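Same chain, two partners: chain A is paired with chain B first, then with chain C.
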Partner chain A sequence: MRAVHFCSSCGKVQPPVPVDYFMFFGFTAKLDLDTASLEKEFYALSRRLHPDLFAQANPEERAFSLEQSSMLNDAYRTLKDPIKRTEYLLRLEGIELEEQSKQATEKARATGELKKQVVPPDLLEEVFELNMHLEELGAQKKLGEDDPALLEEIGKAKLSLEEKHDALLHDLKTEWKKWDETIDNGREVDRPKILATMLDLLNRRNYIRNLLRDVNEAVE
Partner chain B sequence: MSSDLIVGIDLGTANSLVAYMQGDFPVVIPGEDGLNLVPSVVALDATNQIVVGNAARKYLIETPERAVYSVKRLMGRGIEDIQEELKLFPFQLADDLQPGEVLRLKIGERTYTPPEISAFILRQLKRNAERFFSSPVTHAVITVPAYFNDAQRQATKDAGRIAGLNVLRLVNEPTTASLAYGLDKKKNGVVAVYDLGGGTFDISILKLHDGIFEVIATNGDTHLGGDDIDNLLIALALDDIRGDLAIDVSRNGEAVARIRKAVIEAKIALSSQLTAKLDVDLPGGKKYQREISRELFEHLVQPIVDRTVSPCKQALKDANLKPEQIDEVVLVGGSTRIHKVRQLVQDLFGRVPHTDLNPDEVVALGAAVQAKILGGGSEITQDMLLLDVTPLSLGIEVAGGVTDKIILRNSTIPASATQYYTTQVDGQTNVAIHVLQGERELARDCRSLARFDLKGVPPMPAGMPRIEVKFLIDANGILRVSAREQRSGKEAEIDVQPSYGLTDEQVENMLLESFDFAEDDFRQRQIIEARREADTILTALAKGKKNQAWQQLTNDERRNVEALEKALINVKDGDDYHAIRASIDALNQATMHLAELMMDTVVSTALKGKAMDDADSDLEEAPQAGHPVAKAEFK
Partner chain C sequence: MSYSDKVIDHYNNPRNVGSMDKSSADVGTGLVGAPECGDVMKLQIKVNPQTNVIEDAKFKTFGCGSAIASSSLATEWVKGKTVDQALEIKNTEIVKELALPPVKIHCSVLAEDAIRAAIGDWKKKQEATKPAAVQTVQ
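And now, the complex of A and B:
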């Protein structure tokens, strides 16, 4: 059921009750979410909760509106993005992702600490080759040289990574459906395996996304 | 409060305007001189009176040391930030300025902070509106560049308060402009607003959906605008003069001011003509004359115009959109009259931009629409709602001097986020929280917004404390930060007081001082003083409630105090002086017993042989000024 944002008798805005983002919108914690109806709900709730509508209200209502609409925006931002949504569900289930974010990379760069980085074994060879190419490209750039063959190699690798990335997203969506089924049929025993698969897919996906970012930065 | 009397204000680098909703249409309120644009110029006249706007312009030339323009460039900035500005603008800093202090500028013999100077402009706009309505105007919406950081926003809000305005909302200029455009044609689609003004550049990409104006991405440069073009032309002229006439007038304030006036006129003329003439009388009876072709002008401004490209591309990237997915492009700001700018926008987005509304007025008109929405709305604004974003990421500094982002740029505001941290050293009892704004990975490359300490964390092995840092950005784009150690419950909370910001007390003092030489009424002053007293007693009470004496009160007493506390909170921001006064008195009366009990506690603890220092610190904890405690004498 949807969280209570307004008083049932006077209709006034209420302080947010601690609920998860799915409940905030009145959704069950399903992953194959209809983003169109999410957007519709977001706009509808914005029209009732936004601080602009409480500019003339008393300080208490203004404060509630601020809290409620910030939570609404945070929830919408998280749920509308397929990756953030999946990560959020994993967190709700008590699972933390590996640190493969850009932030972790930069932090590692700045502090010299080793970043937790797990290269998916089946990618090892490809990644090794790609890194060689990227280093070569960097060296050439410094000399002001331009090697079309090298760029083509990198372009190919990039294409292959993009394909893998899309395939992972496709696999992730399959897991969403499995997860959603367990919500419908209540089979909690199936969930740990699905969660573990999703975690693995997300980690691989993040790894590939970081690689792609490196490639794009190098080529630009 | 009648909602008609909430005005919309565009506080611009070059010009400022005030507008309101007249029925279904926003209109600009003209000044006494009949002109809509109030130049953002403040000067002291021969009798040491502050003059603003068109009336102040002549002093830029006659007595340049007694006039100031483009002060918006200095809002919320420190002396370290403005070295480039100082090379290009004739800002005269106060002689006794200390590093880290809020800037103060000299106007004649007086010195003022940028928010005070902006407040003079706001006060003029307020007066213009009051003359127009024949009634007081106390509430306003003020626009700021979308790319303004927290400190610049705070400074703008302070300026409003110093001018005696209750600033209901700060709104982003490009978003505001889109409101003015969206009023008559409620379309759905994606709109890009390209806003190149006197001193700032913003690009915002919005999604319009049945009256909701949802900003998807914004980017910009708070130091890029028409001013930069003027400075280029001035440099060209100074070069000419050195070469042709063999004199250097670059240090002559009056000569530079004359050249500036001439190049601005030429720049404007070149938007409609192919050539323009410069004709300047120089000191010593010499004359500087030359012609500038549009071709040369466009060649000169190309580098400046080009600087808008990368923010546009970044905004598109952040919005995850390609130029062809933009349905409409809207131009805002006087500098978008330049042909070269229009050409660039057309090339970037592949479509002819809209220019139906006057680019100088559209922001003020939109602000009037937003003022109407905040005032409860009318039929025409009924479905309209702005959902804006924070332009820059916000975070804190973590070990190694790295920025840990807590809220990412382009998050819809209000926004909040919580992160957890821990200590690095065994037994660490203080945790320094350094609040940062910006996209860079290292703290030293980001804008430092504030520093505060979470004190009194119980000594624990490193890594044990669980420190929760919560960020909340309100609808004005202003940040509030709180930190709490979860195991001990130790808390610290601040409204981010920007590193180059004014304290609340300074703002209030400036406001009170401003009444001394302004025509403003006694009532306003009374309200402010009452509010200040209300804040004091509420702070004192909040502390008192943590004291053990609070538990010694009866349930009835506590209930009564809390009811009166709530009542005071509810009236104190209103305009009813008598209500605030009555509430303060009632709360004072009700907390008398609490105050007495607290004094007893302090005395008895001291007598029990507790170290004097501790007794002092207990006293420190107790309510300070006003009531409940301070007035009771310690005998």
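And now, the complex of A and C:
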């Protein structure tokens, strides 16, 4: 099914119907989507919704065309980006990153059990260590000194993080394929596990991305 | 967004920054992170094994001002409390004390998580050292 943007008999622009971004482009909610056809759809629709075409239209039609194009832009920006696309799908499935953490804290409070950290401990250790190094580096810089050993340490950590980042993206794509299979074969029972894995991968990636940003700032 | 005076105070003069010996039996370490922003917080407590009172607390946080203020406040609050009392601390109290805006609530959640994690770590060490027969009280 796809959202109808224009009337099939008179060709007039229609008010946007509340569909998800996948449907907006006439796609099923698959993650490994064909970005070339996404782009093609986007440009085709952009042209047909261009404000210049509605300069003479009645106010209602003009308003619809504006709403349609803003949805078009949001939808395109979200689906084009692999991470945003995955996050969006998780949200469609009712999983919010922030909520997750809060709910886990509430559960830990109620049961007295230890909260399940959404980020694995070994990665936390690594993040913490590297932050310590970066802080040290900053302090040295202020004094006008440079410790080559420290810089080397940070350089190594950076490489390892970049590798991890790539590996995570690779793993994410594997989950995409699994997800898409469940769309094809209708096996809904398989979905929660795939969603949980994707969430975990995104959480780790968040850490790594932030850290890489800090590292790059620090060594500049 | 502007920070409240209390946040700024803790940020400029963080209390109890530092670390303790992670391997000591009396020390509990909590290392937690907020996936929303990628920040990390380490909170450590030193517990008197006779009284279960938290005698000292230290933290180190890499994150935003609210996370630093929340963890600084958390170390102040846990000191002098028994571990059970410290488990009562809720992130909402931190939010109130520091007047954190809604977008900064997760920073206070992080501090509560860190307290729990540190206490959990300490308890685990206690159980490992105590003979099983002594563990009758729940």
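Please note the rule applied: the second predicted complex is superposed on the first by the 195 of 220 C-alpha atoms of A that agree within 3 Å, B and C clash if a C-alpha of one lies under 4 Å from a C-alpha of the other, contacts with A are read in each partner's own complex, and residues count from 1 in each chain.
Here is the rule we use: a residue touches a chain if its C-beta (ideal position, glycine included) is under 8 Å from a C-beta of that chain, and two chains touch if they have at least 3 such contacts.
Just so it is clear, the model here is predicted, and its values are computed rather than measured.
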Tell me which partner A:R191 touches in the superposition: chain B (first), chain C (second), both or neither. neither
Given the touch rule stated above, what does A:Y43 touch, chain B (first), chain C (second), both, or neither? first
Quick check on the superposed pair: does A:L211 touch chain B, chain C, both, or neither? Answer first, second, both or neither. second
After lining up the shared chain so the two structures overlap, which partner does A:N131 touch, if you call chain B first and chain C second: first, second, both or neither? second
Contacts for A:K158 in the overlay, against chain B (first) and chain C (second): which applies, first, second, both or neither? neither
Touched partner set for A:P121, first chain B, second chain C, both or neither: second
Scan A:A55 for contacts with chain B and chain C and give back first, second, both or neither. first
In the superposed arrangement, which partner chain does A:N203 touch: chain B (first), chain C (second), both, or neither? second
Contact residues of chain A, present in both the chain B and the chain C interface: 109
Complex contact set, residues of chain A against chain C: 97-98, 100-102, 105, 108-109, 112, 114-115, 117-119, 121, 124-125, 127-128, 131-132, 135, 202-203, 206-207, 209-211
Over in the complex, which chain A residues touch chain B? Could you list them? 43, 46-47, 50-53, 55-56, 58-60, 66-67, 69-71, 73-74, 76-77, 103, 106-107, 109-111, 113
For a test of understanding, state which residues of chain B touch chain A in their complex under the given definition. 1, 3, 168-169, 209-210, 212, 370, 373-376, 383, 385-387, 398-402, 404-405, 411-417, 441-442, 472-475, 566, 569-570, 573
Write out the stretch or stretches of chain C touching chain A in their complex. 31-40, 42, 60, 62, 87, 90-91, 105-106, 109, 112-113, 116-117, 120
